[in-house]
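Going by the order they are written in, the chains are A, B and C; count residues from 1 in each one.
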């Protein structure tokens, strides 16, 4: 029954116009970034390298597909959560708003299975977004700008990674980014279990992300004990994969914290949804 | 002893401080078309939703097909088809896609041809590929009924199935319910706030009021033993004389003169024919004789008796 | 005794080379002028604070007077200057004047320290200090101070191509105190954990040369951008 309903959920997502907003927005944004980089990328590069260029010269194709993919990933990881929440925040509450939840929950499928099938569908949708992002950023980026070594600006300096050393990092980075976005999916799903309209969970999810991001960015010692536990702090941990050497323990810690958040949010969603009286 | 399909005992449910259902009890037997009657706000919808596990009751027992709803929910619901409130569908999907979606999780193996046959049965043949967003209310109602029937359930639960339908639609739904009972031997429970609707299709019924069961029994018995508000209209302005005649016939009878030509009185159904004979025999020219069984009046009587 | 010997050697050496600072530089200039062009495989090892980069192989092309081009498959970090500027500067003997600045032991070689001062203020170069092996007429170390880029130290090691004055290894010492990172760009995760890097460190770039092909012609296509 779980898989049958998961199939149903995928049909619903694929038929809903809003599911394509994310993909269209992503495509447009990346197209704009690619165009901008093609037109004026060297300025962007010199912004990064300028402080070094007094004494050093950078030889080789810096503005390549690898760098473009990195720039795109870095720029969009802030905005994709909205696109994800747009679909995942609607999964339970949207059915309540439409009235179809009554129909769905009078069928011989347990509510836990309903939540899990929606979770799996949400994961598939999130994965498709990430893969699409990966395709556009990485494949199209390489196609337009060619390949080359990747130059990454971290807080403690520049890291230059060999072209051959980049692919596996991107693979893992997209996985970690997927996990980060799944945290958004499960958060919005949890909100969705509480609401009877579709806009509430989406707005709530974004509000939480903004709040946590601001707390994370505030340089106030009061929040120092809180920051390491905010999921938003760990959403950028894919970036650590582009350090040399890779700080595996940091990444592992982030992955665990993100996973824990996922489990927590799903538990909340299942608990609330099982207890919920369907009065809509 | 006939098999009990639905047994509800001591059902209670409150939302916050408001107790929607205080003590509802009834039993639906196999083959019944069972009327679930009560005014708006009586707790019908809450009871129906409890029966379908949409709402978790605070106390009481719900057994369907002899099984406990909480423990064997999925086994029970695979044998039930239902419409709660109104049938809502995924508007962005076609009628067929919608039914396929629900068929997939109905617990039965429903073939596409069965779905198409059911669509034909409810009069939606040829519209299967149209998006539900373009359907009228009546069409959605029929699609809803198709949804309740396609997996061949033994029990059909219809919550206010004629709400919002035009007269033709109401008649169609009535016919459909009778066909389900007579041709397919299904057990049907339908809720309504209109006694007339229940009377026409149901063989047994329960009446609830303010969250409590008032009375349960066979429709014909309840209708006959219970009093009816009878409305009489005469050709001439003779209502005062007629009232005096009836008072002489049945001393103590409560009669209200509503206009020079009309009057009304509470009377048992079985006595309507006798009254008619006597009035005609006395030379009163009757234009209309109309039993008005308003549910509210019915409740008042029941609560009085 | 030993000290005395060394001291006298030093003294005599200084007296001798003082008159010959210009000649020493001239000898080097003439040696360098023999090179019309070359291509060479280079291996770059950059150890610069705030930059993490693996070692890189590349190919370097030179053509008179001062055209130089490094072709690398990936990204290579090179000193901004010092690959050809010095040679070009020395090639015009009217542009500078030389002065002996004593002797110094450098890698077991008693080098003559020569200051080369540009005449006029056209040049970007303010001062050049050369540590010259007087016997082999090779620059062992150079220190170039420019208006735009501060001071750059380069140490040279010679092998087969010493006859052209071409080293097999150059070690650049770079001052990194001016490196500043754009703040907002580097919004990464664990930035709070690490204290900011010591900002007045020295970095080195070691360039090793192999397979020199000298004066066999280098196509100008290599110098196109």
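Here, a contact is a pair of C-beta atoms (placed from the backbone, for glycine too) under 8 Å apart; a residue touches a chain by one contact, two chains touch by 3 or more.
Because the structure is a prediction, the values reported are computed rather than measured.
Contact topology of the protein chains: linear, an open path with no closing contact.
Two chain pairs are in question, A-B and A-C; the one with more C-beta pairs in contact is A-C. Between chain B and chain C, the centres computed from C-alpha atoms are 99 Å apart. Chain centres here are Cα averages; for chain A and chain B they lie 51 Å apart.
Separation between the centroids of chain A and chain C, computed from CA atoms only, is 48 Å.
Note for the complex: chain A touches chain B at residues 1, 4-5, 7-8, 11-12, 15-17, 98-100, 102-110, 275, 277-279. Listed in rising order, the residues of chain B touching chain A in the complex are 15, 49, 52-56, 73-78, 80, 82, 84-93, 97, 101-102, 104-107, 147. Every residue of chain C that touches chain A in the complex is listed here, in rising order: 48-54, 58, 70, 72-80, 148-150, 152, 174-176, 178-182, 185-192, 194, 196-197. Contact residues on chain A toward chain C in their complex (touch as defined above): 47-48, 51-62, 148-149, 151, 153-163, 165, 227, 233-234, 236-237, 239-240, 243-244, 247, 250, 254.
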